[in-house]
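Order of writing sets the labels: A, B, C and D. Residues in every chain begin at 1.
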Amino acid sequence: MMISLSGLLGQIFSIALALVLAPLLTGWVGMCRAWLQSRSAPPLLQPYYMLRKLFNKDVVLAHGASSLFRVAPFVVFGCMVLACAIIPSLSTNLPLAPAADALALVGVFGLARVFIALAAMDIGTSFGTLGGRREMLIGFLAEPALLMVIFTVAMIVQSTSITTIVETLGHRELAIHPSLAFAGIAFTFVSLAENARVPVDNPATHLELTMIHEAMILEYSGRHLALIEWAAALKLYAYSCLGLALFFPWGIAGGDSFLALLAALPLLLLKLVIGGSVLALIETVSAKMRIFRAPEFLGTAFLLAVLGLLVRLLLELKA
Amino acid sequence: MSTALPLYAQLINLFAAVILLLAFAMLAQRRVLLLIDLFALQGFTLFLSTLVVAVKTGQHHLYWSAGLTLLLKVLLLPWILHRLVRKLQIKGEVEPLINIPTTMLVGIGLVIIAFNVALPISQLSHTITRGTLGIALAVVMLAFLMMITRKKAITQVVGFLSMENGLFLAATSATYGMPMVVELGIALDVLVGAIILGVFFFQIRDQFDSLDIHHMERLKDN
Amino acid sequence: MLDMFVVMLAIPLVSGALLTVFGERAWAPNLNIIASGGTFLAAALLTVEIVTHGPRFAFGEQFFIDSLNIFFVTLTAFVGLTTSIFSGPYMKNEAAHGRLTIPRLRLYKSMYQLFMFTMLTALTTNNLGILWVAMEAATLTTVLLVSLYRTPASLEAAWKYFILCGVGIAQALFGTILLYFAAERVLGETGNALLWTYLVNAKAFLDPNIMALSFIFLLVGYGTKVGLAPLHNWLPDAHAEGPTPVSAVLSGLLLNVALYAILRCKVLADGAIDGNFAGNLMMGFGLFTLLLAAFFLSRQKDVKRMFAYSSIEHMGLITFAFGMGGAVANFAGLLHMTMHSLTKSAIFFAVGHATQKTGTQMMEDIRGLIRINPLIGWGLMLGTLAILGMPPFGVFASEFMILTHAMKYHPWATPVLLLALGVAFAAIFGKVQPMVFGETEAKRLPHAPAITPVFLHLAIVLMLGLYIPPYLTRWFQEAARMLG
Amino acid sequence: MPNLLAIDYLLIAASAWAVIGLIGLVAPRNTRFIAKILFPIGAAVGLLAGSVALLALGGTPQTAVLVIGLPDLPFHLRLDNLSAIFILLLGMVAAGISVYAAGYFREGEGTAPGLLCLEYHVFLASMLLVLLADDAYAFMVAWETMALSSFFLVTTNHQQESIRRAGFLYLLIAHVGAIAILLSFGVMTSGSGDYSFAGMRAQQLSPFWASVAYLLALAGFGAKAGLLPLHVWLPEAHPAAPSPVSALMSGVMLKTAIYGLLRVSFDLVGTPLWWWGVVALAVGLATALFGVLYATVQSDMKRLLAYSSIENIGLLGVGIGLALIFHSYRMEGLAALALTAVFYHSLAHAGFKSLLFLCTGSVLHATKERSLGKLGGLIHRMPWVAWLALVGVLASAGLPPLSGFVSEWLLLQGFLFSPGLPHAWLNMVVPVAAAVVALVAAVAGFAMVKFYGIIFLGQMRETSLKHAHDAGPWEKAGLVWLALITVLLGVLPATVILRIDAATRQLLGAGLAERLQEHGWWMLAPISPERASYEPIIFLVTIVLSVWLGRWLVHHLYHGRTRRSPAWDCGYHFQGPRAQDTAEGFSQPIRRIFEPMFRMARHFPTARDKQPYYSVQVEDHFWHWLYLPIARLANWLSTLITSLQGGRIAIYLMYSFITLILLILVARP
């Protein structure tokens, strides 16, 4: 395998970009939400302030915490970095992309989820296990839906490699795929659930009846919490980029040149800004569901994805 | 056809018919002692028929056979049975499980079956008295029926012995006798069997206080 | 030179007579074993003679030993020997428990030897009439053995045995007379018309109609003794109520001898009748028996009764195998007979000791044999697994051949076989496992049990499952060929 | 010294196992000798067998004929690539388990150690013979010996009635399955009288009989593997057995059934029909979904793993079905993909499931508890076991970069190409099956988090757990070995697939090797890198690097002070270990969502209860829908039939009489 220098640079650049942009995206969504709810918005850099503060704080570990508890944030963070590394945000020329295709990407998210859920159970409080159980509930419903979305798209291009998908979809003549519509809606549902967003979860709540993600990380503090928060931001960024790559792949650079990469950057920013505000809009207009509505919500997503697959097989292959 | 039959054949057929008649009589008989007497009579008729065959064919082992029949079935076994009935103080009535007219009807059906089965076979035989084969089969079946329908152990034994009579009739009249050694063996078995049965009756009476076989229905699976 | 055949027949007859007189002496049990050992030795020497020199006659032409019956003779003598070894301590324990008196023991030993004599006679005779006489005599001797305890139950069992088998045997006699009737036309009124060697040469000329009727009577008659359903009703009673060594020889030997009689007659019927008339009848009976016995098995409470039904089941399977006919199926049938004899008698040995230990034949009261006496427990467990057709035991080898052969030629029968074997497995194993395993309180027996026969039998069965020596194979094949 | 072939070495291995077992019988009570000498030797033999098989992969088939067997059918043995894969699996996994067992069997179980040693090694030897057998008789003998020896191992603690029942159920279903297999062989010989596998291959069966043979084999091997609806013995028998035995049964023995199914359907029976694959696919899917859902709701740790085994067997069934479908349409390249997934998953499952079962063994020894409700927090007392179990758990949940993910990845890749099937219905329905596979994989994650979290994490639910101790050195060695297998299978898929490709090629005439060889050893791209690729080693390195980098940065840029304090208790000071989720509580969402799948008996407390309690019991629908009706039917038939034996002699005579009359009237030559 030959790795070109520009490829390597592009790869490092996209990772760095992800690390930088991810908290910004979270901040942007927060801002939009505040505006939409007629509140005065926190600054765009609020997530950075929070990260810095958390990194500087002492770590307070519960008595029952085991080493797994301390390792988990790093693993989760590592997984998210990998995810961001293989999802083409600016360019499809990513040397790390062959390391994991779309299916493996789902696996990466799964790995992170399992670790965070296990870490949540580690202390042995009722909140932790509750959060872990709910997270796994969301996970086992969201994961197959995501896989089916990917399957639908993968069948269109006959490939599960994300870079190939983007190259094929983005750089060829426009073809209308009704199945993509189904897949797109399903993907939106899944993204909301996976990123602990309303209507499935609320990242800003600590109400025990409803919280999922927050329940899991209640015992984290200091740098561990910082890593987890950062990883959460990275996850949102990764999902956004994945959605953009699958459904709006236009503008992502295909070639080797660093310039093309730079040219793609403004487009990406634009897409993220729009995506972030749409997310905030969805969060604002919808109400938080009871936890047992979540399976129905995700079940719908799963069915939509399967429907998309069927539409693909029925309409687009037969035609 | 019957007119052409020689005397001895007519005699044999007559005896066979009498044996069948006696078998029916036994089926209809209610009293134990009379039943034993009928059995002795059947044995005697069998003896006569065997004798006729022996005289006709001149096979001297048939004389032995006839003698054995006389000894065993006419004298010894009825005597043993009589003694048993007296010693064990068996009630005179034989209570059948199914009423006697029905039994007789079934018996007639059996005779028809037996004749029908035997007919094609006996026509193949070169012996003139081949017709007796059907009668022998009928006697065997009637005896079987008697064993099924009677409640007392002793009537079952009589039925069993009567079945042997039927078999002997088949052996002597239809085929003019089996080889000597076989007949001796059969006779020996019958004798030993009867003695064992006699011993058995006492044991059964000791254990069950009765010779009714309905006491012996405890070994079962349901 | 001593005629081994005469010796073989003479030993049980003479020792039976001796034991009738001296059966109460202290050396009597040993005489029983020595006589059985002598019989086996003579049988073995006779076997060598037959294998090296081929078939032979004895007592004029009245007795005839060929590769078919020499195989049964050896098996009978062998199981007879091991059973007598087993019955030594077993009967002593029974006497010690007060279930048997000394005169009864005398009766047991003498009848045992006479029973062996009748069976060996039945197996070796060339005369179908004498075969019948010997079968009847075997019934009579075993009736006395079954009623040995003189309890109401044993008397009832013996009575049923006597009447049902007596009637059955009477039907066989009628069949024999019909056979003679048919043979006489071909062979004339000589005394040879019942000699099998003559009959088998003339079998093609026997009248098919008479032969068909004759075979029906013979099958129903001897089939009663084999235990074919629905003629089997005496069998569980007799097995359960008699002393265990008697159950062992009844299951292991008498059923075989009765089946042997049917087989001899089948050869003649096959020769006379076109098509597989006899075979079809036997297959039908076999399957019916197998299926019925399997369902009977699941309702048993008495351990000996259950294994009696298992014998019925296996007899059904063997009858089915012989019914299929042909070299492979006959081979499998013979092998299965051997395996069943050895295994079932081993099981009865183990069961006998187990019931003595626990003082009951009710399975729900027998628990934890493996704790009381590991050897008995394992003996019963392995024996049961063997009889259920678990490899590597030899029963599986024959079942393998039977099943694959059936699948090949009679696929319609295989669901029945599958069902019956499955039900039987569930029934037997479900009952034996808790008997062997689990906890219990132990009890010592006055006389140490004879475990050697159990494991000797099982070892042979195991060996034959993995390796059948070539001479045995040849012998089986020769016998199978004779059966057509 | 004679030139020994691979198959000779394997025969030596089998005999060595048998001899080791017999030696154990000589000194039945000498636990030290048996555990510390015989079991390690057995492990070495396993390693030998595995290595020989590994070297034999890709070679030409070797045959041997033994003297034992039936007269005209001595044992035929054959070592080809298909058997080599499974022998590799057997040898390698058995080595780990035996080493572990050396430490595990320390004090007397219900059975004497010598006897246990015999049963254990006979079990191993019979599995090896199953894989080598080349004729129906040898196969059946080895197969049933395997069932029998494992039955005795399962009933090691036979004093408990539940274990006896489990053993009975196991052997019963195994036996019925064996008869079905036997009949399948009977069909495949189809009258030739040649019971050797070579003879069966030569037969040309009509489609009907081929289907009969296939379905019989599917039922027979499915009974052993635990395919629905013949799975019921599995969750009973696996928990009943001592843990090394559970590990062997789940890890290896179930795979012999998969081997058998592959042998029959791809090798012996001839060209498959398309619907065979659909049957296997459907049964596999149902089994997988059923297994994983039931796994999540279990509260006994070994039962949970047993149900998880059912799930994995289901996935293998799905793979076999998919391969059969492709194979029947002569799409051999794609069939090879699916078949490779099957092989890979067999290997992977053998590794991680044995690992997990052994971990439960250590937990069981340390705590005497099997119920999840009484465990917890063991990571503090048993760090070795806990961290090694984590490897197994992640692999079992199908997460990258471990072994379970590779096979699931391959399987899903196979599904991705199923729209190309030239059949109007199949090309639409089969891809949807992938959705179920995805669901199963995701729920498996749930089950595994529950398993791991409740046993090893949280607070200790019982005070007695404080005395738990970590595994001993032998046990650790065994666990590490199996974890190593799991990790290696996870990160080196291309290398492994290149070795096992010979078997795929042997069965299908096509393999993945050419494609794989175009790329480096680190890259798994079965079709082409543009279509799909997976580089677990890069994957792993990236994650490790980012973790390390993160850690390094955090530690250098910020001070590393940590304090310990009590966990946050919401101001309520009485939060003890009981406040944690119970095993039942954890699985409540699953029970709720998939309610119709379970047969639940629940008791809710009411306000008036003196001693309020809540209980929930989940039972298998199949018991009530299938097994109990069958049992009732059999019982009814038995009652009917036993009434024939009513005790009245007159009736008996009548049976005889009627039989005679009927025969006389009806039977005609």
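The definition used in the following text is that a residue touches a chain if its C-beta (ideal position, glycine included) is under 8 Å from a C-beta of that chain, and two chains touch if they have at least 3 such contacts.
These numbers come from a predicted model, not from an experiment.
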Worksheet item: Which is the least count of steps on a path of touching chains running from chain A to chain B?
Response: 2
Worksheet entry | Pair joined by more contacting C-beta pairs (C-D or A-D) | A-D
Fill in: Label of the chain whose CA centroid is most distant from the centroid of chain A
B
Fill in: Gap in Å, rounded to a whole number, between the CA centres of chain D and chain C
44
Worksheet item: In whole angstrom, how far does the Cα centroid of chain A sit from the Cα centroid of chain C?
Response: 78
Discussion item. Rounded to a whole Å, what is the gap between the Cα centroids of chain A and chain D?
Written reply: 35
Worksheet entry | Averaged-CA centre spacing for the pair chain D and chain B, given as whole angstrom | 69
Discussion item. Where in chain C do residues touch two or more of the other chains?
Written reply: 159-160, 163, 167, 171, 209, 213, 236, 296, 299
Item to complete: Could you check chain B for residues that touch two or more other chains and list them?
Response: 117, 144, 147, 156, 213, 216, 218-219, 221-222
Discussion item. Going by the touch rule stated at the top, which chains touch which?
Written reply: A-D, B-C, B-D, C-D
Fill in: Parts of chain A lying in touch with chain D, wherever the complex brings them together
1, 55-56, 58-68, 74-75, 77-79, 81-82, 85, 96, 98-101, 103-104, 107-108, 110-111, 113-114, 117-118, 121-130, 132-134, 136-137, 139-144, 147-148, 151, 154-155, 158-161, 164, 218-219, 222-223, 227, 292, 295, 302, 305-306, 309-310, 313-314, 317
Item to complete: Can you check the complex and tell me which residues of chain B touch chain C?
Response: 117, 120-121, 124-126, 133, 136-137, 140, 144, 147, 153, 156, 160, 163-164, 166-167, 170-171, 174-176, 178-182, 185-186, 188-189, 192-193, 196-197, 200, 203-204, 207-208, 213, 216, 218-219, 221-222
Discussion item. Quick check on the complex: what are the chain C residues that touch chain D?
Written reply: 159-160, 163-164, 167-168, 171, 208-209, 211-213, 216-217, 219-220, 224, 230-231, 233-234, 236, 273-275, 277, 281, 292, 295-296, 298-299, 328, 331, 370, 385, 388, 390-392, 396-397, 400-401, 403-409, 411, 414, 418, 421-423, 425-426, 429-430, 433-434, 437-439, 465-468, 470, 473, 476-477
Worksheet entry | Residues on chain B engaged by chain D in the complex (per definition of touch) | 97, 110, 113, 117, 141, 144-145, 147-151, 156, 213-214, 216-222
Practice prompt. Using the touch rule from the top, collect the residues of chain D that touch chain C in their complex.
Written response: 67-71, 136-137, 140-145, 147-148, 155, 158-159, 161, 164, 167-168, 171-172, 175-176, 179-180, 182-183, 185-187, 189-191, 193, 195, 634-635, 637-642, 644-645, 649, 652-653, 655-656, 659-660, 663-664, 667-669
